[in-house]
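There are two complexes below, and they share subunit A, which is joined by subunit B in the first and by subunit C in the second.
And then the complex of A and B:
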C-alpha cells in the first residue's frame, strides 16, 4: 500500500475513533446504522463489484441474522454468540442451497431471481408468525455484554459495529487481493477466458454469495441487539434495494466506497427530512444526480476530483 | 503550498458536512421557555394515512393548551419528527428528541414496530411516552412508562365480537391483511368461543393487495352469518360487495376513516365499526372537539385524530401535575391513573397501559357515505 494511502487511512481511522464522542446522540445513532448497513452492503458490493451480480436478496440474510438472534436470546434464552452463530450457519446454508442453482443465471434474470427470493422470504416472515412473531415482532432482545461491558449506548455500539466493520473490510480486502480475487475479476471481465483457464465460475460465485449472506447475517444480528426489537417491517424489499444502492452509490469495486455509500444513504435522508414531505423526492433526485454525475460511484467521483485538482495544481 | 490548500479545502468541506448533519445546538432551557414535547409520527411512507390526521389532532391540542395558558404558565411546543413509517428511523428520531432536543415527554409513534423500537430507548430511562397505537408484544407489558392511547388488539377483537353476538351471528368468516389484520385476527380467533361464534372460512391477503376477490369468493361459498374485515384499505370490503354478498360486515377501527370509506364507494353501505368518534353524531362531550377541529381544518375528525388529541392532552396534564422539571419518573407516575379523554375513558395505570374498557367503544354504521352512531353499547 502506498504511503499516501496509509496516511489517509490513519487519518480517517483517527477521525472515526475520536470524533463520535463529541457528536449528538442522534448522529452517533446514524453512524451505528451506517456501520451496520456497511457490513450488509459490503456483501452486496463484493457480489456486484467482483462478480458482476446484482443481489436484491440481501434483506433475507439480514433478517435471518436478526431473527436468529431474537429467537436464540429471547425464546431460548441462550447467549448472544449463539444468535450470531446460528444466523451465520443458517444464512450460509441457505445461500448455498439457493445460490447453487440460481447463480447459473446471468444478468437481469439473476437480479430478478434474487428479487424473488427477497419477496418470497418477506411473505414467509409475515406468515410464520409462530417463529418471527409476524407483525408484532420480537421484543426484549438483550443488549450485548462483552466481558462485563454492556453495550447499551449508541456510542458504545458504534465502536463495536465499527470494529466488526473493520474486520469485514479487512477480510474482503484480503479476498480481493488474493488468487481468488484475481479469479473473480477474470470471471467478471472475461468469463470465457477464465473458464478456459479452469476457473469454476459457478462454485466461485456461490462462495462469494455465501460470504455475502454471512455479512448480511452478522449485520442483522447487530441490528437486533442494537434496537432490542425486530419486526418484519425492517426486512422488506426496500431494505434489499437500500443494500444494493450502497455499493452502487459508493462505487461497487471499492471497499471504502461501500462505507461512503452507507454513510450517504443514512445521513442524507436524515438531513433532507428538514424539507418535510418532499424529502423522499429530494433523496431520489440526489441519488439520480449522484449516479448520473458520478457513474463510477462517489469513490470514483472523489478520485476524479483528486486527479483534476492535481492536474490543475501542476498546470 | 498546494498540499496545504487541499487539506484546508477537505477540512472546510468536512466541517460544513458535519454542521449540516449536526444542525444548530439546542439552547439552554429556562423557566420562560416553552415546554418541549416530542412527537414521532409516520408523516410519509405507508403509515402517512394515520400520521397526518394524528398530527392535526396533536396540533389542535397544542393550540388549545397554549390558549388556555399552557402548563403552569409556560407554553408547550410540540417538536414533530417523521419516522417515515420505518422503525429504524423512529429509533433515530427518538434519540434526537430525547437527547438532542431535550423534550420532557414523547407522543407516538403509531405503528407497533416503531413503538416497540422507541420503547427500547425510553423504557430503560423511564422516559414518559404515549404511543398512539395499542399494546404490542409481551415485552411492552414490562415497560411501565410507555402508555397507549389506543386500545390493545384483544379489546378491538372483543368489541367486534360483542357486536356480532348482538346480531345473533354463530358462523362467521374473516378477511384480514398480513399486517395489522393478522394481529387482530389472532385475538378474534382466541376469543370467538366466549361469544358463541365459530369462524369457518378465514382468508388472509397482502397489506398492499389491490384485489381480494379470490379470497372473498372462498368466503362467499361458505355462506357465513357475518364477515369480519380487518385491514387498512377499502379493497376487501369492495371485493365482498362486488360478489353480491349481503352479509353484515364488521370492520376494525383502522378502516374507520373518511379516506378509506370513500375508497370503498357504494360497497361501504352498512359496514359497522367499533370505534370512538362519530362526528356526524358526537357524544355530548365530544362536540366541542368536533367543532374546534372543523373550524381549524375545515373537515370532520375521526377516531385517529381524537386519539392523538387525547394523547397530547393526557401527557400535558401529567406534566402539569408533576411539574415540567420533575423528571421522567415523576411524570410517568403522574400519568398513571384515570383520564377522561375526548375519545373514551382511559386508565393509564391498567396492566395494558391504556385501560380502555369495552363499554368505552361506540359503534358506527355507514349509511350514504356517512357514519351513523348506533345505539348498541357493550356492558363491561
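And then the complex of A and C:
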C-alpha cells in the first residue's frame, strides 16, 4: 500500500512538472491561483481536519501577507524577502494574540468568532487607507527575482508557487505524523481523555492557528507578487468562505484533498463561464451536488470509487 | 434637538435589531429542529421578498395575496431543500461541516439565480400601512417601523408558545434532541425535520417581506442578512426566539450608538469586536440558556 501511494505521488509530481509548459497561458494562470489558494486552504484544512475548527478568518492573514509585501516593496522599496518575513511575523503575532482568547470558544461560536474577525479586519483595511490605500490599492509590486532569475511569466511563477506548496504540504505531513499530530487527533476525538493525559489543548490549538496564519500570509505575499496589484476587494468574506470551501470540498482530513479542492474552486468556475451569466448558478449547484453525492469530500469520493472498482474487479 | 438625535438613533437601532432578530428566528428554528448551522437563511428572505415584489409590482396582485404567496414560496423552498438534499445527507451520516458547506452552496446558487433572473438593481417593497409618520420624543417614526416592531414581538411570543405548549412544537424539538428516542415513541422524525425547514422558510420569507420596505432586496443582501441574523441568534444562545430578539437588539443598538458617536465606517468593527468579547465572556449567550455548549 505504501509503495503504491509513493508511485501515485511520483506520477502526480511528474505530471505537475511536465505538463504545464504545453498548456495555454490562461490555464497556467489558473494553476498558479490553484497553488496559491491551496497554500491558504491548507492552513484552514489543518485547523479543520486536525483540530475540528472551522476557520472563516483566513482572509485576514492572506491580506496581511499581501499588504506586508506591498508596503515593504512599494512604499519602503526593500527586497521581496522582507515582505514575506514581515507578513509571516505579523500574522504569527496576531494569530497568537487573537487566537489565545478566541480559541477557548468551540463549535459554531468559534466559527462565528473567526468570521467576525474577518469582517472587522476587512473594515479596518478599508478605513486605514494611509496604510493599505483602501479600494484604490497598491500597484507596481515588483516581480520576484530569485538569484537573478526574474519570475515574470505565469509558467515560472507556477513552478515557484508549486514548490512552495510542496514544502508546505511536506511540513504539514510531518506535523500530522509527529507526536504533535497524535496529540491533535486525540484532542479532536476525545478531548477529555487527552486533557487527562496532560495535553495542553489551548496552547496546541493556538500553535496550529499560528501555523495556519503563516500559510495564509505566505499565500497572500505570493498573490501580491503574482498580480503586482492588491486592493481591499481581494480580501472580503467571499475569500474567507472560499478558503474554507477548499479543504471541506477536498476532504478536510486529507492533505492532497486540499489541492484537489483548490483545483475545483479555480477550474470549475472557469469551465462554466461559457454558459455566460448562468455560470455562478451552475457553480453553486455543482458545489451542492458534490457535497450531497460525496459527503466525505472529493478525496473520499475517489477512495470509495476505487474500492468499488476493486470490488467489481474481484467479482 | 439632542434628545431627537438620541431617540432617533435608538429607534433605528431597535428597528435594525429586530430585523436581525427576524432573520435570527429562522436560524434558531432550523438549529433547534435539525442541528444545522444554516448559512442560507438570508436567502429565504431574499426569495420571499423577490416573489412578493414580482407579484405585487409587476403583476399587480393585492398586498395580502402577494404576501401569502411569498410565505408559501419560502415554505416550498424549505421543504424542497430538505426532501431533495438534506435527507440524503442525513442518510449518509454526513459530518457537520458538509451541512455548513451545503448551505453555503445553496446560498451561492440562490444569490446567483436572483442576479440572473432579477438583475443587479435593488427593489423596495411598499411599506405596510398608509406610510404615515409619527413624532415620538422628537424622533420621526415611520408607520412601517411600528408594524415591524409589533410583528416581531408577536412572532417571538408565538414561537415561544409553539415550542413550549403545542404538541407539534415539542415533537419537533424532541426529534432533533434524541431522534432514536423520538422515533421509539412514535414521532415521525423525518417529517418533523421537513416541517422544521418549512418553518425556517416561512420565517425567512416573513422577515424578507418586513425588511424590504427598509432595505432594498437584491442578490447581494442574503449573506449580510444571514451574518447579522446569526450573530443575533448566537448571542441569544442559538435555540430560543427570545434570545434572538435580545441578541438582535444588543447588536442593533450598539451599531446605532457607534454611528452616532464615531463614524458609520467603524460600525462593523465595533459591533463584531463586541460580538467576539460577548462570546468569550458570556459563553452561554446573553440569557445564559444556550442550547448546548458551543451551539
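Convention: the second predicted complex is superposed on the first by the 314 of 315 C-alpha atoms of A that agree within 3 Å, B and C clash if a C-alpha of one lies under 4 Å from a C-alpha of the other, contacts with A are read in each partner's own complex, and residues count from 1 in each chain.
Throughout what follows, a contact is a pair of C-beta atoms (placed from the backbone, for glycine too) under 8 Å apart; a residue touches a chain by one contact, two chains touch by 3 or more.
This is a predicted model, so every value here is computed, not measured.
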item: Clash-or-fit label for the pair subunit B, subunit C on subunit A; value: fit
item: Partner chain(s) touched by A:127 [first = subunit B, second = subunit C, both, neither]; value: both
item: First (subunit B), second (subunit C), both or neither touched by A:277; value: both
item: Contacts of A:107 with subunit B and subunit C, given as first, second, both or neither; value: second
item: First, second, both or neither for A:135, with subunit B first and subunit C second; value: first
item: Which superposed partner A:237 touches (first subunit B, second subunit C, both, neither); value: second
item: Partner chain in contact with A:248 - subunit B first, subunit C second, else both or neither; value: second
item: For subunit A as apex, the angle formed with subunit B and subunit C - C-alpha centres, to the nearest 10 degrees; value: 70
item: First (subunit B), second (subunit C), both or neither touched by A:189; value: neither
item: Overlay on shared chain A, then closest C-alpha pair between subunit B and subunit C (Å); value: 5
item: Subunit A positions touched by subunit B in one structure and by subunit C in the second; value: 123, 126-127, 277, 280
item: Subunit A partner contacts - residues on subunit B that touch it in the complex; value: 2, 6, 20-22, 43-44, 81-82, 84-88, 91-93, 95-96, 99-100, 111-113, 116-117, 119-120, 124, 136-140, 142, 178-180, 182-183, 186, 206
item: Residues of subunit C defined as touching subunit A within the complex; value: 37, 85, 88-89, 92-95, 97-98, 100-102, 104-113, 115-116, 223, 227, 230-231, 234, 238, 265-269, 272-273, 275-276, 279-280, 283, 293-295
item: Touch list for subunit A against partner subunit B, complex; value: 23-27, 29-30, 33, 123, 126-127, 129, 133-140, 152, 154, 227-229, 231-234, 267, 269-271, 273, 276-277, 279-280, 309, 313
item: Of subunit A, residues touching subunit C in the complex; value: 48, 54, 101-102, 104-113, 115-117, 119-120, 123-124, 126-127, 237, 241, 244-245, 248-249, 252, 277-278, 280-281, 283-285, 287-288, 291-292, 295-296
